[in-house]
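A single structure is presented below for examination.
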Amino acid sequence: MSEENTTIDAVAETDAEAANRSTSGYHMGAVDTVISVEDVNKQAKAMAEVIPVERIAELAGNDPFLRIDNLKAGYGKMEILHDFNLQVAKGQSLCLIGPNGAGKSTILHSIFGFTNIFSGNILVGDGDNKTDVTAMTSSQKLKHGGIAYILQDKSIFPGMTVEENLWMGGYLMDTPDQAKEAAERVFAKYDRLAARRTHAAGVLSGGERRLLEISRALVMGPEVLLVDEPSIGLEPRFIDMVFEILDDLQHAEGKTIIMVEQNAKKGLEFADVGYVLVSGELAIAGKGDELLENPDVGRLFLGG
Amino acid sequence: MTNIIEVEGVSKSYGGVVANHKVSMEVPVGRITGLIGPNGSGKTTLFNSVVGYQPIDEGSIKFKGQEISKMNVQQIARLGLLRTFQQTRIYGNMNGVQNMLISVSHRNAAFLDMFKPYPAEMKDKAEHLLEFVGLYQKRKLSAGDLSFGQQKLLEFAMALMNDPEVLLLDEPTAGINPTLINGLLDRLHRANTEFGITLFVIEHNMRVVMNLADNIYCLAHGELLAHGTPDEIQNDQRVIDAYLGAH
Amino acid sequence: MSFSQREKLTYAFLLGFGILGPILFPAYTFQIAVLWIMVLFAQTWDTMGGQMGYNSLGNIFFFGTGMYICAITQVGMFYDVGVYTAAHGADKAVFTDTQYYIGLGVGLLLAALGSAFLAAILGWTVFGLRGPYFAIGTLAIALSAGELIGAWEWVGGGGGIALPVYPGSGDGKSEFFYVLCFASAIATFAFLKWLYTTRFGLALNAIRDDEDKAEAMGVHTLRHKTVAWTISAFFLGITGGLFGNMTGFIEPLEVAFPTITFGIFMVAMALLGGKGTLWGPVLGAILFHIIKETTWTYFLGWQWIALGVIIIVNVVFFQQGIMGYLEDKYPHWFGVEVEESNAIDDQAKEATQ
């Protein structure tokens, strides 16, 4: 009797697993919810809460490690972010979602120093002793600010080997030997990469390439990781792998992660906190799973 | 049903790396065909070969029965076979409207057409397509200043502007917001059903592929691995092992 | 002040300057005529380099061919060219007034058409090259032309050709050619202004921004590139014909195909003013010429250094040139939009209100 039950349970489990498979790689689902970009913006504006800074602080446990205060930033003369605020606690992960052109990457770019900052501050550090990193150059941010940026586009050096790529990650270190030592620590952590250390980076598979990009950013020992579209262009079987890597970095190594992810369902599943950005402003903020369950968020930003 | 593109035994290598090895496939006219496979399996190389971006080492490629493997890119494009790029290419120093206007088909362009201004209907069509992808308000801004996702949308709109017979789309939804993806797919379906544009799409987003394509080819290591309907492919163990991932 | 008002003001100013210049400063008529020659150089170069992205270092070739074709026509219509050139100006050939003007008219026409034709032919060979290869390929054409013509006795070889003498006073000649130069510069400007509003102009910009993309979209790139060069060559041919007559004596390396001076100046002027803009080359040519003439007059010996410094500063720090800089900093002056415009619905609402 119990054996039969077990068999039925086993079957039931594999069905659930099958359903799970379809939700994890790239969420299976319908594509029926068709809303024009205009309408999305209008509806988002209509439902956007004016989010008080207290709410943002609360999501960061009232103890932010990185905070952005009233940022106005953009490219050239164009202002993309208008009075933007962000707070993320140490060892927390935050996912930015929203329509294309909303300014998600601009936030990461601003933190790292790739944009024109018209006004506002970016502060990093524990408690009250925060460093104002707003005006630092990108190199300073990587070397002293403890902030690393992982690009959205293919950014490995294809002609160099895997180890050379990692050494380049430590370019800002005082001596090449220090860079090599740091690289060895990274290899010790990821043996998949170590196995390919002398191969040209250009022949790595998509997942390995992403792993290399992420681990290269770790060489300088940053506290904060800015990850721009971790799963973009990745084949389904590597998407989970990338999020597992990031999960490990957050929970086992205590890194603070701010990411932009258009695979929004995956991103919100992963992250502790989610911000929905529309037209350069914060429209909705909340815990990752709460946003996932919010039907309006689902309809407007997650494809239904 | 006839096949608008016939690829037969096509091989291509560069620098000692075999990118495609004796690949054969058919794209049926008026339908939507998907092409999936791991990165490095030769998908973009195959697209490049079809549109004449590079010569092939062996094999044949036919478009509407005509051999095109020795033709150059412009000639093939003017036959009505258009492609979008994985790395998204638009004209960075021109604004949105200009990008759209220059994308108008050059198929029947007589010599003196070069010097005429664009008629109002074309400007209207350009503006409506821009509005569809949500770029109407930014249409006068320099295209190079648009975000990555917006440039991708612009490229897509430019392809539609050209009224091609076949559109080869290389990862058209990578980096695009999921809700907008729905809209794009809707528009692709309509382009396919109302205007009869045949689509051949490389994609990693399974939600897109399964809801879009009626038949799918899977490449791996430069060779054809599997071919079938979305259901067949999804459940094909070889495809799961090589690409989808067990879970 | 709106964009069109600003534009009209600029036209008025330049027209005024062009007309009043030689009247108020008759001693400088020749220099101002050369100013318009420089404007012609910069404009025709910019069609290739600025609008189309093909940096030609050999455009001076068409200047030279125009000059020679014009000279040969002016002489050849009435005398045997070989005999004329062999004499090296020892026998002063006589041209009646009518002969002079007809010769000049036909000469300029053939100079334009001949240069254009050469561009069309050469285009087939040279447009397979891109970027730096194109630059060097065109430079090679211009350099070899100078040498080849220099070895061709029929056109005077290294000795060159003395042009028919202008039937009139020295001042009269200056004024006459001044008018022709000014008119040519205006005609070229007007033509290019129109050209850049057509599909052709858009295609040129597309080729500049991403030629592979243009090809992938079916643009007839070779056709457009060759026609662009033909147009440049047409106006350069006229420029050459005029300048040859203004100097009175042409010689292959120094006058007709001066690759190092005029050949490079045309690039520097367009860059200084702002390549790829309509007014950039004009502005750049005017500034460049004024600086050159001033340093030549007052700081002789330093003019080459001054010009070199301008080129270096331009290329290293100031790539977008003056117009590019202004368009960036004050886009509203030029009617270029930086802010988003209203949605279609909003515009419709505004229209009905």
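Structure notes:
Which chain is which? They are A, B and C, in the order written, and residues in each are numbered from 1.
The rule is short, and it goes like this: a residue touches a chain if its C-beta (ideal position, glycine included) is under 8 Å from a C-beta of that chain, and two chains touch if they have at least 3 such contacts.
For clarity, every value in this text was computed on a predicted model and none was experimentally measured.
If you tally contacting C-beta pairs for each pair of chains, A-B comes out on top.
Chain B has the C-alpha centroid lying closest to the overall centroid of all protein C-alpha atoms shown. Separation between the centroids of chain A and chain B, computed from CA atoms only, is 29 Å.
If you average the CA atoms of chain B and of chain C, the two centres end up 42 Å from each other.
With each centre defined as the average position of its C-alpha atoms, the distance from chain A to chain C rounds to 53 Å.
In chain A, 38, 76, 78 are the positions where the chain touches two or more neighbouring chains simultaneously.
Multi-chain contact residues, meaning those touching two or more other chains, occur in chain C at positions 338, 343. Contacts with at least two other chains are made by residues 131, 136, 138, 141 of chain B.
For chain C in complex with chain B, the residues that touch the partner chain are 195, 197-200, 202-203, 205-206, 208-210, 212-221, 223-224, 227, 276, 336-338, 340-344. Across the complex, chain B meets chain A through its residues 37-40, 86, 131-134, 136, 138, 141, 145-150, 152-153, 171, 174-183, 185-186, 204-208, 210-211, 243-247.
On the chain B side of its complex with chain C, the touching residues are 51, 53, 72-74, 77-78, 82-83, 85, 89-94, 98, 101-103, 105-107, 109, 111, 113-118, 127, 131, 136-141, 158, 162. Those residues of chain A whose C-beta lies close enough to touch chain B in the complex are 17, 20-22, 24-38, 40, 75-76, 78, 97-101, 105-106, 152, 203, 205-206, 209, 229, 232-238, 240, 262-265, 299-304.
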